[in-house]
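Working notes, beginning with the structure itself.
Chain nomenclature is as follows: A, B, C and D, assigned in order of appearance, with residue numbering initiated at 1 for each chain independently.
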Amino acid sequence: MALDKVKLTQPGALKSAAGEICLHLDDETRDNASRRLKSAKGHLEGVLRMLEDPDIYCIDVMKQIKAVQGALTKINEAVLRSHIRDHVATAAQRGDTDQVVDELMEALKYKA
Amino acid sequence: MALDKVKLTQPGALKSAAGEICLHLDDETRDNASRRLKSAKGHLEGVLRMLEDPDIYCIDVMKQIKAVQGALTKINEAVLRSHIRDHVATAAQRGDTDQVVDELMEALKYKA
Amino acid sequence: MALDKVKLTQPGALKSAAGEICLHLDDETRDNASRRLKSAKGHLEGVLRMLEDPDIYCIDVMKQIKAVQGALTKINEAVLRSHIRDHVATAAQRGDTDQVVDELMEALKYKA
Amino acid sequence: MALDKVKLTQPGALKSAAGEICLHLDDETRDNASRRLKSAKGHLEGVLRMLEDPDIYCIDVMKQIKAVQGALTKINEAVLRSHIRDHVATAAQRGDTDQVVDELMEALKYKA
């Protein structure tokens, strides 16, 4: 809270008053993810309306859910790309390579 | 529309006034999918709120989006199971095996 | 063993002397899978030779292994298609729908 | 070819006589990948022998092929981990971040 945050030269990193570097999602990727997530939410609401129809066909439901998942995958790819660029590629400079690698491998593991 | 639908002995199939068999998602699976989809939508709204925080960390966003995808995958598995049971396993009886197999292979292909 | 097997009218099914139906992979799909699996094995041997080079680049290894996995996925899709056509679509006729559905859902789950 | 290669302090990087840095898979990961790939090849040969049996069941073939794919996925994860540690985490130091990120995103895309 009430931290005196200073933008570092590398995007997606802040230095707190205590001098600790805080990694965070860069603003452009965050706005973009937010916009596309709202669209995915609208798509999901469409699937919910489909499910009110007692005659709906299984395959049509499956296709729509997969389309939503495809949109989420694209959002995650954009977040992943900015994470690798801003935080993974700079890990050796910060000296936290082991932690950053473990964290990334863990996040990639659960690729839905 | 004003069809004189008759429930057939096999769940998830209706016969229209014209005698055409209409395959559809069985009611229990449909209600269940709807309930779980509402929960996934709530989760997605939570991710949208996360993205309002300028200090949010990429890895945390990725994990939450993957969790939503995992929930969607489970919903699709339940729909797939009821589709195979009600429509694929009965295809030889109805005589539409080729069409049902093509359709299922197509739907499985896009596994997100 | 020395069973008096009789080809049933549906491909991929034999009747043993005891009258038990034995489901099996149809010959054409089996030959095709065998041929393509030999090719995937050749590809894998190529990756093994790549790995003898001390200057080999990680990304090149990853791409080749993924190419082998893609070939295996295609083989499995062909086996899956013939399984659904010959054994799943006929399950209601044989009366073993529950077992066939459980087995298929289990097999699809481990989609690598 | 007749390059005067010099091991750099970071593992998995060589400097050619021309002063160009050559990224390569570190020896331990390479040996490990090679050993596990030989085992996957043996498994694949086992599946080929299975396919000689005219009574083989589709689901059993699918399970074995998926097991081979699981082994290949684990090998690729080990190669990926060493690539991220040795080459991606050091990209900002070398100054080739854009290229390394594009290459990695491309490689992750084709996750089989």
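Quick note on the criterion: a residue touches a chain if its C-beta (ideal position, glycine included) is under 8 Å from a C-beta of that chain, and two chains touch if they have at least 3 such contacts.
Everything numeric here is computed off the predicted structure, so don't read it as measured data.
Set side by side, the interfaces B-C and A-B show unequal numbers of C-beta pairs in contact, with more at A-B. Taking the mean of the C-alpha atoms as each chain's centre, chain B and chain D sit 36 Å apart. For this pair, chain A with chain B, the centres built from the Cα atoms lie 25 Å apart. Shared interface positions of chain D, i.e. residues touching 2 or more other chains, are given as 80, 104, 111. Chain-to-chain contact here is organised cyclically: the chains close a single ring, every chain touching exactly two others. Within the complex formed with chain B, the chain A residues making contact are 12, 14, 22-25, 27, 30, 33-34, 37-38, 40-41, 44-45, 47-48, 51-52, 54-59, 61-63, 65-66, 68-70, 72-73, 75-76, 79-80, 82-83, 86-87, 103-104, 107, 110-112. Residues 10, 77, 80-81, 84-85, 88-93, 97-98, 100-101, 104-105, 108-109, 111 of chain D are the ones touching chain A in the complex.
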